[in-house]
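So that we are looking at the same thing, I have put the structure below in structure tokens.
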Amino acid sequence: MSDIRIKVVAYGIARDIIGGKEMALSLAEGISASETMSILKKQFPAFDQLSSLQLAINEEYVADSHPIKEGDELVLIPPVSGG
Amino acid sequence: MSDIRIKVVAYGIARDIIGGKEMALSLAEGISASETMSILKKQFPAFDQLSSLQLAINEEYVADSHPIKEGDELVLIPPVSGG
Amino acid sequence: MIEITKDRIDVARIIAAVSDSGAGGIDVFIGTTRNKTQGKAVVKLDFEAYEPMAIKELQKIVDRAKSQWPILKYAISHRTGVVEIGEEAVVIAVSTAHRQAAFESCKFIIDELKKTVPIWKKEIFEDGDVWVAAHP
Amino acid sequence: MIEITKDRIDVARIIAAVSDSGAGGIDVFIGTTRNKTQGKAVVKLDFEAYEPMAIKELQKIVDRAKSQWPILKYAISHRTGVVEIGEEAVVIAVSTAHRQAAFESCKFIIDELKKTVPIWKKEIFEDGDVWVAAHP
């Protein structure tokens, strides 16, 4: 199975946790959003301590089952606190 | 029984009904607010068509039984519509 | 702060009056003059107040609000005289530590104002005028 | 009108944006920076937004509000970057023909904003800082 390469973009505390605004990630083809999240949580255990962590692609929240594709820009959305 | 003299002050539509801002009124001593109201309604039947008509003395709403005294300034409060 | 004024209300001034370093939320209600009522075109409004009593009644409403919500600061300005379409007839601002209390107390104040405060609104049409809510 | 801005929010401009000759009521919510949180002194706040998505999510909230209440005009401005104590972090204004809808829709917008819009607030204390609501 070939690999896909995506970009992970982080905001708020997620940026502090990955130690930067962006990182590149190599994933197995056909992987879902939630599976990708598991990989990120293994690499950065601090994510497990957050109240929530959602993923967005193309400026929209994505469901757990959403398939990740080559070139996707995956945005990590830690608990929001605007207002 | 001696008479008392009071001043009646009118706002809003009540002013239109009595045809002026103020009028003098002679009343029997010991008369109540509601009895005074009845006299005013007899003199100005248009008051009976209002949704409500309250009385105030010394910048406070008064109860029906409130005794009217010599020199009182009785303010006619038609339905309020501020805001 | 409670005032009745013949001048146009400066909303920024009313908001500044409730500014507080402990405030997390400010709710501001602005009652403006609508261009129609029940489908009929309104040219302008004319407000009349029994001023000293109106101030007293507004203070009573504020006191009741303060007993129900932790209000930091409040400001109420009601205009009298002619108010043109789109202009402010009343501005109410409340600051609180948390927003829910700001919304609820501001709404309470305008709701009660309309019930008890001796202020009267006359709607002026092209062909006459009417004292609002006077008749059933 | 929906905007995310690094500049101080001019509340009068936001209110002017919802002015409407058919409006009977305007409700304005101003979220301000409190000087303390859970008893601890806050020096300032620092807001970060994922801007294009924040605008999209705000638009979705407005669309939901419009399906529930007859909104004439709305304006939402959220600030990013450092916000000093007492300054506005967010201003929301809604104009409607009748006041009840203005209160309810304005409250709905700020309540939903806090749930779904990708904006993050960092509270800065004398001895450190914390991302608000990040941890349980």
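First chain written, first letter: the chains are A, B, C and D, and each begins at residue 1.
The definition used in the following text is that a residue touches a chain if its C-beta (ideal position, glycine included) is under 8 Å from a C-beta of that chain, and two chains touch if they have at least 3 such contacts.
Quantities reported herein were computed from a predicted structural model and do not represent experimental measurements.
Counting only chains that touch, the fewest steps needed to get from chain C to chain D is 1. Using the contact threshold fixed earlier, the set of chains in contact with both chain A and chain D is empty. Taking the mean of C-alpha positions as each chain's centre, the chain lying farthest from the centre of chain D is B. Centre-to-centre, using mean CA coordinates, chain A is 49 Å away from chain C. Chain B and chain C, compared by their mean Cα positions, are separated by 27 Å. Distance between chain centres (mean CA atoms), chain A to chain B: 74 Å. Counting partners per residue, chain D has 31, 110 as the residues that reach two or more other chains.
Residues of chain A in contact with at least two other chains: none. All chain pairs that count as touching, in label order, are A-D, B-C, C-D. Those residues of chain D whose C-beta lies close enough to touch chain A in the complex are 31, 47-50, 52-54, 56, 78, 89-90, 110, 113-122, 131-136.
In the complex of the two chains, the chain B residues touching chain C come out as 11-13, 16, 49-51, 56, 59-61, 75, 77-83.
Of all residues in chain C, those touching chain D in their complex are 11-12, 15, 19-32, 34-36, 85-86, 95, 97, 99, 102-103, 106-107, 110.
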